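Below, chain A partners chain B and then partners chain C, in two separate complexes.
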Partner chain A sequence: MSNPAGAFQINVRAAIARARVRIKGTLHDPVWLIAETIIPIFSIGGYVLLYRALGAPASYTGFVIIGGAMIAFWMNMLWHMAAQFYWEKEVGNLEMYLVAPISRMAILLGMALGSAITMGLRVFGILLFGTILFGVSLSIGDPIALLLIFTLTLASLYSLGILFSSLYLLWGREAWKMNELMQEPIYFLSGFYFQVRGNVVVPLAMQFAAALIPMTFGLEGMRRILVFGEGLQSVAFDIVALAVFSVVLFFLARMMLSYMENLAKKEGRLTLRWQ
Partner chain B sequence: MVTNADVGGYDVVEEAPKVRRIINLVSGGETPGYGSITTRENLWFFSQLYGLPGDEARKKIVSLIDEFGLTVYVNTRTHKLSTGYRQRLNLARGFINDPKVLFLDEPTLGLDVITAKRIREIIRSRVKDDSGRCILITTHYMVEADEICDRIAIIDRGRIIALGTPAELKRMVSTQSIVILETPPIQGGTSFLSSVEGVSGFSQADEPSTGRIKLKVVLKDESALQSVLQSVTSKGGKILTLSKSEHTLEDVYIALVGKGFE
Partner chain C sequence: MAVKPFLKSAWYSAWLGWKIETNWTDPLTFAGYYLLRPFAGLLIVGFIFLIGSFAAGNMSTQYFTYLFLGQISFIYVSQITMVTGSLIHEERSKYETLRSLYVTPASLRPYLLGRALSAAFASTVSMLLTLLLGTFVFSYALGIRLEIDLLKVNYPALGLSVLLGIASLISLGFLLSGINLLSTKLQFTLSEYVSGIFFLLGDVIFPPSMLPGPLNLLSSALPITYYIRAVRASVLSGVWDAILPNMAMLLLLAIIITVAGLLGFGAAEKRAKRLGILDRKSEY
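Then we have the complex of A and B:
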């Protein structure tokens, strides 16, 4: 190779390449677009009709649309990122990553970046269909606050994704059970389809438990901006909480990935199949 | 006891990132990459893991596609490729960073004769006249090792028991004789042969088309043949054919390890 690239440059190229694979792979399959943008409308529609039948305030419909859109990122982090790392091991890609002069973090960041872009399409689709079909009016009160909340939500979620990926290195297929175990309680606690914070019918203990999930802050902040038209000041707490989650989870994820990788190498099961 | 190791002059522990830039790995039977993208896109992806700049990557991909006969499938998604073409792609990927040391694990595993031959030709041409490049192959195909390897190590139970050029290894058993005999299946098996005096080792192959078994026996000297024939007939076998064989690497393996592949 002429002028060999530096370590940082190689890792950036690897992350971009992994993101491109994700995007290209997705775009090669148009069925995905229908499955990811049209199908979720059915479950969202169920909640919208229910709230309307119960005479709930119009803002509740907005909650559901935003929650339904953001579920994509949660699912993506759990299933398309952490579980995909297991798949990478099964097909032999992990060995290639270990042999190449790159950090595993670069690959995971690439996976996160690629899925954030493809999931962005889903979110856009749901917001568009949701607002047209159900007549929900969403307004961007403060674009900077919205951008901050959205970016930090993704950063904390994907850091959590990298953390889970390291568990897949160690547990293999067993880690799927953990995903299934976490899926529904987190849907419930973080309030994908209803507001958690300040909701009088949600017990305090549940609100406290919800505060341990970064998604709760992301959803709350986005709803305040998009449904109630509030600004930076009223979502400052959510922004700070998400920033703390992002930093702490990122460092935890790095430490855990390195620890699990070394442990798996020592025990010789990093490239074992069908664990 | 070995306390350190280096590859291409770099310490494998202290300078691992430098080692990784000059090595690559291809495992037979594995299909790394992504089935939802094309052959070209897969090669581009792997080129980026080694930081190849755009132009260099493109040139390298074009040349590998040509060398490995992948031109027809360059824009085909790889999940549609046959096993042989996937393995060609896998090998092309292994050369993407022009490695000084390439590890090939069973590179022709499960491939048809023509594809396997083509792959062996490519491997051979890659190291021909290039003393700075090394390809380390692990294989169970002795014919393959004989055809493409300059130096061979025979490993048994994790230990190297012989090391040398194919000719050197064959000379190790040149004083020994190899006979091939066919017999109907023997009740109780053929393990008794290993205790016959003068037998270095043997292998057995079933011949379903004739219902016979073919025994390849390595003898320390030809005088042991009589004992072998007697023991086979005394165990209920019947000598249907008997011939003498030229030395091959498989004979070396049998003579050294004491048994055929299991």
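Then we have the complex of A and C:
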């Protein structure tokens, strides 16, 4: 497109349109939305009660509530972001995206925006129900720090989602299985249910491995603010790490998307279905 | 439908399921894939145990053995529900073969049974690999003694408990498939929800007596609870007196859920056909 302002405008419109589909598709059935919010509490409850059975301090159950709520975003990134091009390919939408005068990034950013809004509602519900049901007290010591951590966590997470989505332009079931593998192993490594960084029980090698995953920093920052009531100063390291992750992953995602699209075109696998 | 063709269809479906699950990679990667997720699940509860016990200043190896066995037994629950909870969606939206399956003389039931059986077989591979690696990591690398005496294990009772547990889970799979016939929203989450509920109520990692009254009562009406208790009793005490009450309840509930699964699936199938949504797809 020769007019950069026009190109920008059309890409913004494409992103908003894609976000609207995601928001409408997710929110049009309120019963389903309520179920999506309440039912995850069950699996969170298992870990809360395990901590209680062991006689661990009450703050540990706060870790579980925050981790359990943030799993919704992680799952959303994996299945409604990374794997989305796979579905688009399967139902025949991918060809339409490719021939439209818009950037692939606009479509993916639209998905991310729509997901962030709908998942935000769900995560808020899980936090609310979780704290009431299990009698956990979470406090927002520093709202600005929390907002920063939360926004940067989502930015890095969805950039990672765009990066993974490029794999689906080339692969089918292999990438699908990789998505599945990024559930429990990541919940464990990132410390969705316990603190990883500085924990004497957690081996150092595991702490280093956890530092390669942006979610680790997001969870650590949120725990410090919501469970321990700490402020901006104590989460500065997490904010910087998340900002670096967001920028690096975003540019990496752009490069990978373009590279994988070209490779898939060369190998004739871009619109190959039922892989 | 006659029994022999039904079983033949189920057998071929199981074979197909095995191919779908395995032919995307080489055997080593496949083994890694089937080990990593359940092993990570075991590591999560194992580390919660270590961290929680360290904070409380009290480490009970008896409790660790209890949750280790619960988590290992739960592999069947999470993997069979994962496959059966997404099967209809896979056939309907991913491969677009639901209509073709539906118009075959065998129709959907033997297909679902076969796919669930192949999931049970794959779960056995997962369970054995996780058991071996988990025992090594926790007993030798992390130094937590598992209080299991291999000579005391009642192996016939253990085998029977696992078989009855698998039968209950397959029947539950029919119910999940019925739900998915009527919904296009739950394909990614239904199995997570169901296994989440069982994880909380099924006596997996903490005793159900810790649950509030109504949930405790609900726990005692679930086949999963008795399956896990029967497995634990077979491994830890090996005495029939301790195993039989749990196994009897498991058998009774397995029969009830089989009837409920078949009736529920039949009703869902009829309703989906009446509403014209049997092959409905939705993307958002």
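FYI, the second predicted complex is superposed on the first by the 266 of 275 C-alpha atoms of A that agree within 3 Å, B and C clash if a C-alpha of one lies under 4 Å from a C-alpha of the other, contacts with A are read in each partner's own complex, and residues count from 1 in each chain.
What we mean here is this: a residue touches a chain if its C-beta (ideal position, glycine included) is under 8 Å from a C-beta of that chain, and two chains touch if they have at least 3 such contacts.
Just so it is clear, the model here is predicted, and its values are computed rather than measured.
In the superposition on chain A, A:R13 makes contact with chain B only, while chain C stays out of contact range. Contact with chain B, but none with chain C, is seen for A:G92 once the two complexes are overlaid on the shared chain.
Once the two complexes are overlaid on the shared chain, A:I144 sits clear of chain B and of chain C alike.
Within the superposed three-chain arrangement, the count of touched residues of chain A is higher for C, of the candidates chain B and chain C. Residue contacts after overlaying the shared chain place A:V21 against chain B and chain C alike. In the overlay built on the shared chain, the residue A:E36 is in contact with chain C alone; chain B does not reach it.
In the overlay built on the shared chain, the residue A:V240 is in contact with neither chain B nor chain C.
When the two structures are aligned on the shared chain, A:L212 is found in touch with neither chain B nor chain C. By the touch criterion defined above, A:P57 lies against chain C but remains apart from chain B after alignment on the C-alpha atoms of chain A. Comparing which residues of chain A touch chain B with which touch chain C, the overlap comprises 21, 24-26, 29, 91, 93. If you check the complex, the residues on chain B that touch chain A are 17-18, 20-21, 23-25, 27, 30-34, 36-37, 41, 44-46, 48-53, 56, 77, 93, 97-98. Those residues of chain C lying in contact with chain A across their complex are 24-25, 33, 36-38, 40-41, 43-45, 47-56, 58, 63, 67, 93-95, 185-186, 188-189, 192-193, 195-197, 199-201, 204-207, 210-211, 281-284. Chain A makes touch with chain C in their complex at residues 21-22, 24-26, 29, 32, 35-36, 39-40, 42-43, 45-47, 49-57, 60, 75, 79, 87-88, 90-91, 93, 172-174, 177, 180-181, 183-185, 187-188, 193-195, 199-202, 274.
In the complex of the two chains, the chain A residues touching chain B come out as 1-7, 9-10, 13-14, 16-18, 20-21, 24-26, 28-29, 91-93, 95-97, 99-102.
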